[in-house]
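Naming follows writing order (A, B, C and D), and every chain is counted from residue 1.
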Amino acid sequence: MIRASVSLEPFSPDAEVARFSSLRGDGCGAVVTFIGYCRGRSKNRAVTQLELEHYPGFTEAEISRLATAAGEKHDVKDLLVIHRAGAIATGDPIVLVAAMSAHRAAAFAAVEELMDYLKTDAPFWKRETGPDGAHWIEPTAEDRIRREERAK
Amino acid sequence: MIRASVSLEPFSPDAEVARFSSLRGDGCGAVVTFIGYCRGRSKNRAVTQLELEHYPGFTEAEISRLATAAGEKHDVKDLLVIHRAGAIATGDPIVLVAAMSAHRAAAFAAVEELMDYLKTDAPFWKRETGPDGAHWIEPTAEDRIRREERAK
Amino acid sequence: MTRLLFFGRLRDVAGQGERLVDLPADIGTVGELRAWLANEDADLGAALQAGGIHVVVDQVLRNGAAVSVRGAREIAFMPPLSGG
Amino acid sequence: MTRLLFFGRLRDVAGQGERLVDLPADIGTVGELRAWLANEDADLGAALQAGGIHVVVDQVLRNGAAVSVRGAREIAFMPPLSGG
């Protein structure tokens, strides 16, 4: 099953992964997880606050669409995505992606692919606040390149 | 820090990952984990029991050496490996690999690389018992190919 | 009533994230809607004309000035996505 | 006393995973050790001569028949690794 959600409150990746992996059948040999955390620095600037704006309804639908695409590409049926929105404290989880599959290659590929999609195509608008004020952030060139490499 | 251990008893990947990720600093943006589970089937044969024999001392040292190599190759300083030995029940975790890094690419690469190393080079001897008796298992051709691809 | 939504830096320019408006009957397309908004607020008009602005009509991504907004309940203007 | 260890299918052939032996003084290499073991147990001797058998002397991987076993406390014979 593909489960995608946006959380306006902090969430516990450990509890979510425990719940996700408890649903595995005895054909499941691999669970891969990625957790992205809010860093205290971004491109060598200190970050005191991160805000992620989303478009309720549309953002969830887009994330679900991206997860379905990544799952279909790598034949992974069980994917979990939880993405934070709102004001996020340094050190808090921003995104959790988890996949399960019979063998490890598919789960790794699905999680990495979905992270690449999310980094460039998820409908979020990110504002970082630091000592020199607030800045809206767009995807990095590196993110775009990874995304394009994937598309080949 | 590189932490590698062999566990003769079942372990909780969730608890171990929670402990590992709680040690992250505020420069950590990514935690990637892989958990391998004991499947109820292997190459289309039912498996009722899996035994992993290890060489106490030597096996731990080799796993630690492989983890250090994977970490150095991808500039990842924090890696956790826990590997089961002994009699393993269907559905139980066999191996946990976790990595943390500033950005996601390094953590993904280190975990995948280390899993490739472990699959072929970790000193374990694996015996699967099914309806037609017990079989000693050697690495699959696919494992060797992945390992060789990595070495390029 | 039509709900207009502005995200990211467009929210800053518009001064708020959401506006409820009565669209005049002669406004049938995204291009006409932008012109109408620009008439009241030149800064917002310029921001909506900039490159990379996506338009979502009733939760469906619909790009191009010719896209119809007739009968739409919700029209969102999205600047380039930051990604997750 | 020297501790000999046999893993995986070698354990099955040897009948046990561990053997404590008093090595005769004229046994100085892995090759001589294998010949000595084969003398007592031909099946085990054949299994130890097979391809892909690795030898670990005092926890250090040391391959080749000429490797010294003098003074070794622990000598392990490992069939091809299954991996993790």
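Just so we're on the same page, contacts are C-beta pairs under 8 Å (C-beta built on N, C-alpha and C of every residue); 3 or more make two chains touch, one makes a residue touch a chain.
All of these numbers come straight from a predicted model, not from anything done at the bench.
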Between chain B and chain C, the fewest steps along chains that touch one another
2
Could you run down the chains that neighbour chain A and chain C together?
none
Provide the C-alpha centroid distance between chain C and chain D, rounded to the nearest whole angstrom.
78
Can you give the whole-Å distance between the Cα centres of chain B and chain D?
27
Here the gap between chain A and chain B, centre to centre from mean Cα coordinates and rounded to Å, is 24
Report the inter-centroid distance (CA atoms only) between chain A and chain D in whole Å.
51
Can you pull out the residues of chain A that are in contact with at least two other chains?
36
Residue numbers in chain D touching 2 or more other chains?
none
Pairs of chains in contact here are A-B, A-C, B-D
What residues of chain B sit close enough to touch chain A in their complex?
13-14, 17-18, 21, 24, 26-41, 90-91, 102, 104-105, 107-108, 111-112, 115, 146
Per the touch rule above, chain C residues touching chain A in the complex are 5, 7-9, 11, 56, 59, 76, 78-84
Residue numbers of chain B touching chain D in their complex, please.
36, 52-53, 55, 57-58, 61, 63, 83, 94-95, 118-127, 136-139, 143
